[in-house]
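Once you've had a glance at the structure underneath, I'll fire off some questions.
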Amino acid sequence: MIKTQIKVLEDVSLDNPIFIEALPGIGHVGKLAADHLIDELDATKFAEVYSPYFPPQVYIGEDGLIENMVNELYYLKNQGEEERDFIILVGNTQGVSPEGQYAICNDLLDFIEEYGVNELFTLGGLATGQPVDEPIVYGAATDEDKINTLKDVEVEIRSADGGIIGASGLFLGLGKLRGMSGACLMGATPGYFIDPEAAEEILNKLSALLKIEVNTDKLEERAEETRQILSKAQQREQELLNRNMPQQDDDLRYIG
Amino acid sequence: MIKTQIKVLEDVSLDNPIFIEALPGIGHVGKLAADHLIDELDATKFAEVYSPYFPPQVYIGEDGLIENMVNELYYLKNQGEEERDFIILVGNTQGVSPEGQYAICNDLLDFIEEYGVNELFTLGGLATGQPVDEPIVYGAATDEDKINTLKDVEVEIRSADGGIIGASGLFLGLGKLRGMSGACLMGATPGYFIDPEAAEEILNKLSALLKIEVNTDKLEERAEETRQILSKAQQREQELLNRNMPQQDDDLRYIG
Amino acid sequence: MIKTQIKVLEDVSLDNPIFIEALPGIGHVGKLAADHLIDELDATKFAEVYSPYFPPQVYIGEDGLIENMVNELYYLKNQGEEERDFIILVGNTQGVSPEGQYAICNDLLDFIEEYGVNELFTLGGLATGQPVDEPIVYGAATDEDKINTLKDVEVEIRSADGGIIGASGLFLGLGKLRGMSGACLMGATPGYFIDPEAAEEILNKLSALLKIEVNTDKLEERAEETRQILSKAQQREQELLNRNMPQQDDDLRYIG
Amino acid sequence: MIKTQIKVLEDVSLDNPIFIEALPGIGHVGKLAADHLIDELDATKFAEVYSPYFPPQVYIGEDGLIENMVNELYYLKNQGEEERDFIILVGNTQGVSPEGQYAICNDLLDFIEEYGVNELFTLGGLATGQPVDEPIVYGAATDEDKINTLKDVEVEIRSADGGIIGASGLFLGLGKLRGMSGACLMGATPGYFIDPEAAEEILNKLSALLKIEVNTDKLEERAEETRQILSKAQQREQELLNRNMPQQDDDLRYIG
C-alpha cells in the first residue's frame, strides 16, 4: 500500500495527548468546530499530510494561490484544568477510495501513536434531512467507560442504528484495535449547508469532555467567514465526497 | 497486494477440518445458518480477520459501542458421528473490490490450509425474486464426487445457469486450484429480507452432509433477534454489497 | 502490480510462433472463431492463466461443476503451407480494471515472448448496431507492412475513426512497444447476440493471412452449441464487461 | 505504486528549463496551444511516457495504424530574448484513476527535476458553458510573485472560486511541494468543441510570459486539421476523461 507522506514541521514532545479528528464532512460541523478550537486556543501546526489517495486536484484559494489537498496536524499543550496536551487533525479532504481511507488512517495512527496517544475523539455531523429544532449531539464509543463519559455530558447515545463512514469511523475502529479508547461526537444538522449551531453544540460537549474552555462567541462569525473563504470548489468537493461514500437512506446519514 | 490481517486468538490443532464459509449475502441465509450453527454447537472463535479492502466504516452496535468491519474464524472439534473438526468463517462484511475479494480469499485459504483443510462448503442465498413456496437448496461443486454427495442429500444441482459471485464463489474456485473439494449450498429466498426458512433448509442439508445434528428450533427466534440486533446499517450494507457486485437479471441472482 | 498466475501444463518448444488473441467481446465473434480454430485444428492447451483482476466469481457450468475465471493458451505446430507454429489465447473473461488489463497483457506478452513470438493477430467484433447485410471484416495494424498484408486479403482498413478497447487493443499497442508486428481483425456484427457469420468471415480472413485451411462447415452448429453451452451467466458477464468498458456511441463500438 | 515507464529517446542537456504541461482537456485548448508551439518552434521529442494507469485501449489513427496511449516530452533550447530552454509535455490521454494521476505526475516531476526544472506552466481550458464574446485567459499560481507575473501580462486571476482537476492542477500542487514556482493558464471556452481562439489567447499570454514569439497565423488551420486528424475516438475519449473526473457545476468547470 502507498505510504502517506507526513511532513513534520516542528519536533514537539507531548505528554499523553488526546487526539481529535475533524476532517470535512456533512455540514462542515466537525471541521468548523475543530478550526474554531485551533484558533481560539491558538494551536500550533506541526505536520502536513499528503496522499495519492486524495482527489487528484488543487483548489484555487484567495488571490489566485493554489492549495494542495492536505490534512494538517496541530498541537496544544497544558490545556484546561487537567493541563492535558492535544493533537488535532483537520484538512480540506479525505481519501477517495476504501483502501485509501484505510491507508491514510493507519499511517496517521502509526504517527500519533509515537506521541503517546491512547484516547481520541472524532467530530462530525449527522444529517437529519430536516430542520433541527434543538441542537443535539449524538455519540458512539469504543468501550463502555467512554459511553458513560459521553452520558455524563449528556451526549445522546446512538444504539444499533447506523454506521460511521470515513475517517471519523475508521479512526475509532482501527484505534480500538490498537487499544485506544475513543468516541465520536455527531452534531445533528440538516446537512448540505455550513452549520455553526451544530458546531457550537459539538464544541460545548467536547469542552466538557476535555475539561477545557472554548469561547464560542465568534463561531457564527467564523461560519460566515468560512462560507465566504471556502471556495465553492471546496463545498462542492464535500458534496462529492458524500456522493462517493456508500449511499445511505434516511436512517443512515452520518459521514465523519 | 495488501495482506489481510489475521489476528489469531487461540492456537488450536485441528484434524483435517472441513471449512464452512458464510459471509453476508442475499437474505442473510448463509450467515444466519452459520451463526446458528456456531451457537448451537458452541463453536470457539480463534481468529479475527481485518482488511483494508473492507468498507471504510464502522457500525454502531448495541449501547453505542462501535464495531469494526471484521470476519471471524470459529472452530469445532469431534463433531457428529464421524467426529470431524470444522472451521467456520462468518463476519459482517466482504471485500468491496474485485482484487480485494481475491486478496482476502487467497490469504484465508493460505491460513486454513495450514490447519489441513481440503474440503469446504460455502453457504448463501439464491434470490428468486418471488415467494418461495417450498424450501429448496440449490448446489454446485468443484468435482463430480461432490456433486454426487450433494445429490445424496437431495440438493438440487444447478447446471450451466448462473454464477456465484463473491466469497462463496471464490472460495470454491480458488480452493479447487489448490486441490480442495468443495460445494456451495444456496437457499432459495425471495431476497431482501432475513429468511430463517431458507437458513433452516440450508442447515438441514449441511447437517446431512457433515453428519452432525443441529437443532433448528430456535432459528426463527434467532432470525427475529437478528432482525432486531442487526443495525439497520448492516442491513443496508448488505444491500450495498449487492449493488457493488456485478449486476444480475432474473436468472442470475446468486450472491454468496 | 500483482503478477498474473500462469500455470504451465506442458513444456513445449515452438518455432517463431504467431500469437492469436480472442478473449470474450462483442457478439462472441473473436472467441467463437478462435474456439472453432482450436477444435478444427486440434490445438493443445499448454497453459492456464489466473488473475486477481478477473471478476471475483465463478461460473456454474454443466452438471453443476464450477468453473474459474480463466484464460487459456493453446499451441499448434507446423500448420498450413508455411508450416508455422501458433499460440492461441482464449478464455471466459478479461481483466475488469484498467491497471488489471495492463498487468495481464504485459505478463502474457512476457510469457509468449519467451516462445519467440514477434507477430500477432487479435480477433473481435465491431458492433454496427444494425443488421449486417454482407459480412465484412475491418482491420487495423501496428505498421504499414501489416496494413498491406491486410489489404491483400481484402480486410477493410479503418482509418482515424475509433479505438480498440481491452485486450485486443492492448496486445497490439504493448506488443508494438516490444517490436512485435500485429493486426486486429474486427468482424462487423449487430452486437449482443452470438454471431457465427461474423466469426466465419473472421476465420476466412485469418486463414488467408496465416495460409492455413479451416473448415467452417460446423461453425453454425458450434454457434448453436455455444449458445446452449455458454451459461446465461457468461453471456451476461460479457454484457457486464462491455458496460465496464468506456462508453461508446454509434461510431465507436469496437470491443476486442 | 506502479512506476511510470519513461522511454528516453535522446540524451539532452538543458539549462534551467521551464516546464510546460498541456495534456488533453476541455476544448483541446491547452493541447492545441502546445502542439502549435511545438510545431512553430520546431521542438524535439526526447521522451515517451507510458502508464498502466492510462485507459486500456489504443486508437486507430490514419491509414489504420494503431496508436498507443502516450504522453510525450519535447525540448527547445535558447528560445526568445532570454535564450531559455523549455520542456513541453503533451499527449493523447491522462491517468484515469486518482492514484494514477498522482503516480504519473510524481514520476514525471522526478524526471524533469533532473533536468533542472524549477518553474512550470500548465495550460488548459475553462468551460464557460456559453459563447465566449471576448477571448480571456484565467490564471492561478503557486506564489504571489507568479501571480504578479500573470497580472503583468493581463491574465485574469481567479480567486477562491474553483479547482483545477487533473494534471494541470497536480503539477502545480505537487511541484509547489518541491519548491517549484508555477502557474496555470486557463482559456475561457464554451467547452466540448475544439477552440482555436482560446488556444491562440493562451499562446499570446504564454509568449509574453516566456518572452518568446510564436506565430499564430496557422492556428485556425491547425485546429481544422486537428478536428479532422483527431479520430472521433480521441474526441470521445476526452469526453470520457471529463466524465471520470469529479463532477462540476456551472461555476467549476475547469479541467486541466
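A few notes on this one:
A, B, C and D are the chain letters, set down in written order, and residue numbers restart from 1 in every chain.
Keep this in mind: a contact is a pair of C-beta atoms (placed from the backbone, for glycine too) under 8 Å apart; a residue touches a chain by one contact, two chains touch by 3 or more.
Worth saying up front: this structure is predicted, and the values here are computed from it rather than measured.
Steps from chain A to chain C, taking the shortest chain of touch contacts, total 2. Using CA-based centroids throughout, the chain positioned farthest away from chain D is B. Taken over every residue number at the interface, the positions common to chain A and chain D amount to under half, indicating a different-residue contact. After Cα superposition, the angle needed to carry chain C onto chain D is 90 degrees, rounded to a multiple of 5. Annotation: 36 Å between the Cα-based centres of chain A and chain B. Residues of chain B in contact with two or more other chains: none. On chain D, the positions that touch chain C within their shared complex are 2, 50, 52-69, 96-97, 100, 228-234, 236-237, 240. Across the complex, chain C meets chain D through its residues 1, 95, 98-99, 101-103, 105-106, 139-144, 147, 150, 157-166, 169-170, 172-174, 176-177, 184, 246-249, 251-252.
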